[in-house]
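The two complexes that follow have subunit A in common; it is paired with subunit B in the first and with subunit C in the second.
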Partner chain A sequence: MSFDPQILAAYLPELWKGLRVTLWLFLAIMGLCTPIALAIALARISGRPWLAWAAATYVNVIRSIPLLVILFFTFYGLPVAGIYVSPFTAAMIGLTVCTSAYLAEDLRAGLMAIPRGQYEAAAAMGLPPGRFVARVLIPQALPVMCAPYFTRAIVSLKATSIASMVAVGELTSESMAALTETYRAAEFLGFAAVSYLVISSLLALLQAAVQRAVRLP
Partner chain B sequence: MSDATLQQPPTMLELIGLRKSYGQKLVLKGIDLRVPKGQVVSLIGSSGSGKSTLLRCINYLETPDAGSAIKVDGQQIGSDDPRNLSMRALRRQRTEIGMVFQHFNLFPNMTALDNVCEAPLAHRRGSKAEIQAQAMALLERVGLAERAGHYPSQLSGGQQQRVAIARALAMKPKLMLFDEVTSALDPELVDEVLKVMRALAEDGMTMIVVTHEMAFAEDVGDRVIFMADGAILEDGNPAEVMRAPKAERTRTFLSRALRTR
Partner chain C sequence: MELDFSVWAQRWPYLLDGLWMTLAISGAVLVISAPLAVVAGLALVARNRVIRGAAVTLSWLVRGVPPLIILFICYFVLPVALNLRLEPVPAAIAGFVIYNTFLFGELVAAGLRAVPKGQHEAVAAAGLPPLRAFRRVILPQAIPSIIPPYVSYATDMVKGTALAGSIGAMELVTRASQTIIATNRPFEILIGIAVIYGLIDACLIVLQTWSERRWASKEARRA
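Take a look at the complex of A and B:
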């Protein structure tokens, strides 16, 4: 099997466009998922039965449905309900809905690692819940949350490839289009694989830096 | 009104029929207690006697059963019907009561100074500079001003507990609760914490101290309460309770406790 760099170079503009779409999709998902997942995780540990029940139901329902089904639902189902969005937006909504359920559980595990004594000290001091979350709970949970958060981010990055199934011209989609035209699998799938590897590696480096920054003294 | 009544210090803590159950198990069986301002009460008793639960009910870390009444300086704490409890009101009420825990429970992500400043900042008890100055004065009072910038992990157990006392004092509470505050400390670190508590008692702070330190209970306490099975079995001045206990259970407990002292 030969590797032809020239054919890869010829398709580089399309591949680069696909890579940019992948990056935007990934950043949009994580940007939306992080606050949503944190809110769900806090709701689950809030001690308010209805809030905890609603959050648990969301997590249990969403994580029981395959990502592809959710993506098809947002792509084909939303227009049925009279909501017309671009394929990119449909994919972004579907991936956000799905990833936020998983990420909520990752973050909840971090929050639950904080000893009960911290909650009791804050209660005895009369700290308002918002201040307790911002000043005590999250700073202490961050070091615990860091590894699962970045692992989830890497999983989400790779999950963006499923957006190719709903007509989003992202990296996998553009690589497959080039492959279909040229029958050169090694060049285009290789490019896609190396691109995912590079971004994942950058995320791993970012994880190490963040872990150092949020480490408790 | 008689002269004796006029001279009596005002009541700081009043418990009326305080009951607490966990499921079917009744752990506090209707406690009635009145603590005058400035009194230091030592709560002693075996593990499981209900003394820590009693302490934790006073600031509603444990919610008492309906019908219980808790008053600090005449003000109701929590609600006699927990279903009508406003959390905002409870947070305000809790600032009147300082609590120190067995395992310190300092916030490990904050320095000693930040730990002490946290509650006054949250309740906007002055400008940041004023609050920091007051916090430094409190750290000075517990002998830790030079450790203000240290994190809890950089302090010994005794130092952490002294910071925890300073933190509990930061809101200028009317009543201080101490829950076995020396039990988790190495023996050589116990004295430094007891010294701070002794000074606090001498300054006239009203204190309820759950303790296994019998010497402290006897020397510093104005009053010793012995609890067993969720009820107050003996209540009197330290000499009475510790030297001439009336109940057999108190005698058995004290003979064991004083032997291991």
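Take a look at the complex of A and C:
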């Protein structure tokens, strides 16, 4: 088997375009997921039965369905329901729905780490709930939530590759297109693998930096 | 838009074959990767620096790459590199096994690290042969902390087999997507598929609760 990395040069524009789509997709879903997941996690610990029940149902139903099936819902289903969106948007919605359910569980574990007495103290002092979440709960939960958050981010980065199965021209799909044109599997899959590896390793480095920054005094 | 589940009446034999394929791939991956994960876990905590370094590097490589890319490598690169023919299903199983060995391996390593150091010293002081010490003393103590995350990873693994369709293994989701294209009934098909995966998930959760209780009670008996 010959390995000829020179072939990559000829396809660099396509691969670069795919890499950019992957990064945008990843940033979009993390940007959307973070507030949604936080809201779901807060709903689950809110103490309001119907709100907690709705959030738990969402999390449990979504987590029992394969991501690919959720992407098929948005890719095949939305047009049938009369909603026409680009494959990128369909994949973004599907990935957001899926990741927010998993991330909500990760964040909930962090919120649960805060001692019960803090809630009672805030209630006793008459602190409004919104203020309590922003000024007491989240600052203390951040150090605990940091590691699971970045682990989830790396999982969702890798999950963006599945968008290639619903016609999104991201890194995996551009690499596969080049592979089918040239039959050079090792070169193009190697390029894709190394790209994902570099981004996920950068995320791990970012995690270490953020963890240092949010450490409690 | 109206839901009409009668498509299932005509298409279920085709989809059922996919379900068997999904279960067969999942079962094969679980059976093959469980012992490999124990080996990987041991290598990840090995005292020998070369073994540990190799295991940590391999684990970083495998876990930093999307499973889909690993499948493609197993299907397109491995046969050429090893000069053998690999059908879609064995290639898919190989890909998932490689990925899950290190995913589970990290769990095993974490479980082994949780066993108090004194236990290792005690088996050494008692002169127990290493293999017997591991099998009878160290591993049983690591298992309670490994089982719950293991079952949760296993449910992810079963759902992850949906990717096998990308290299031509005709499992449930691939057959579902072909049925959607043939019938243009995405919601009916996908809701049915979601229910099937929900049931598989429910079975695994029952298994998890049962195993947690079993291992926990063993712990309690020992204490």
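Here is the rule we go by: the second predicted complex is superposed on the first by the 217 of 217 C-alpha atoms of A that agree within 3 Å, B and C clash if a C-alpha of one lies under 4 Å from a C-alpha of the other, contacts with A are read in each partner's own complex, and residues count from 1 in each chain.
Definition applied: a residue touches a chain if its C-beta (ideal position, glycine included) is under 8 Å from a C-beta of that chain, and two chains touch if they have at least 3 such contacts.
Computed from a predicted structure; not experimentally measured.
Enquirer: Should the pairing of subunit B and subunit C on subunit A count as a clash or a fit in the superposition?
Expert: Verdict on subunit A: subunit B and subunit C fit.
Enquirer: Contacts for A:186 in the overlay, against subunit B (first) and subunit C (second): which applies, first, second, both or neither?
Expert: second
Enquirer: From the CA centre of subunit A, what is the angle out to the CA centres of subunit B and subunit C, nearest 10°?
Expert: The C-alpha centres give an angle of about 100 degrees at subunit A.
Enquirer: Name the contact category of A:61: first (subunit B only), second (subunit C only), both, or neither.
Expert: The answer is second: A:61 touches subunit C but not subunit B.
Enquirer: With the two structures laid over each other on chain A, which partner does A:197 touch: subunit B (first), subunit C (second), both, or neither?
Expert: second
Enquirer: Looking at the overlay, what does A:73 touch: subunit B (first), subunit C (second), both, or neither?
Expert: After superposing on A, A:73 lies in contact with subunit C but is clear of subunit B.
Enquirer: Scan A:49 for contacts with subunit B and subunit C and give back first, second, both or neither.
Expert: Once the two structures are laid over each other on A, A:49 reaches no partner at all.
Enquirer: Tell me the contact category for A:125 with respect to subunit B and subunit C: first, second, both or neither.
Expert: first
Enquirer: If we overlay the two complexes on their shared chain A, which of subunit B and subunit C does A:216 touch? Say first, second, both or neither.
Expert: After superposing on A, A:216 lies in contact with subunit B but is clear of subunit C.
Enquirer: Have a look and say if subunit B or subunit C is in touch with more residues of subunit A.
Expert: C
Enquirer: Does the superposition put A:140 against subunit B (first), subunit C (second), both, or neither?
Expert: first
Enquirer: Looking at the overlay, does A:164 come into contact with subunit B only (first), subunit C only (second), both, or neither?
Expert: After superposing on A, A:164 lies in contact with subunit C but is clear of subunit B.
Enquirer: What's the minimum Cα gap, in whole angstrom, linking subunit B and subunit C in the superposed view?
Expert: 27
Enquirer: Across the two complexes, find the residues of subunit A that touch subunit B and also touch subunit C.
Expert: Shared contact residues on subunit A: none.
Enquirer: Where on subunit A is subunit C touching in the complex?
Expert: The contact residues of subunit A facing subunit C are 1, 61, 63-69, 72-73, 76-77, 80-82, 154, 158-162, 164-165, 172, 176, 179, 185-186, 189, 192-193, 196-197, 200-201.
Enquirer: How about subunit A: which of its residues touch subunit B in the complex?
Expert: Counting only subunit A, the residues touching subunit B are 115, 117-118, 120-121, 123-128, 131, 135-136, 139-140, 216-217.
Enquirer: Inside the complex, what are the residues of subunit B that reach subunit A?
Expert: Answer in residue numbers: 59, 61, 90-95, 97-99, 101, 103, 105-110, 118-119, 122-123, 151, 153-154, 167-168, 171.
Enquirer: In the complex of these two chains, what residues of subunit C are touching subunit A?
Expert: Interface residues on the subunit C side: 1, 60-61, 64-69, 72-73, 76-77, 80-81, 155, 159-160, 162-163, 165-166, 173, 176-177, 180, 184, 186-187, 190, 193-194, 197-198, 201-202.
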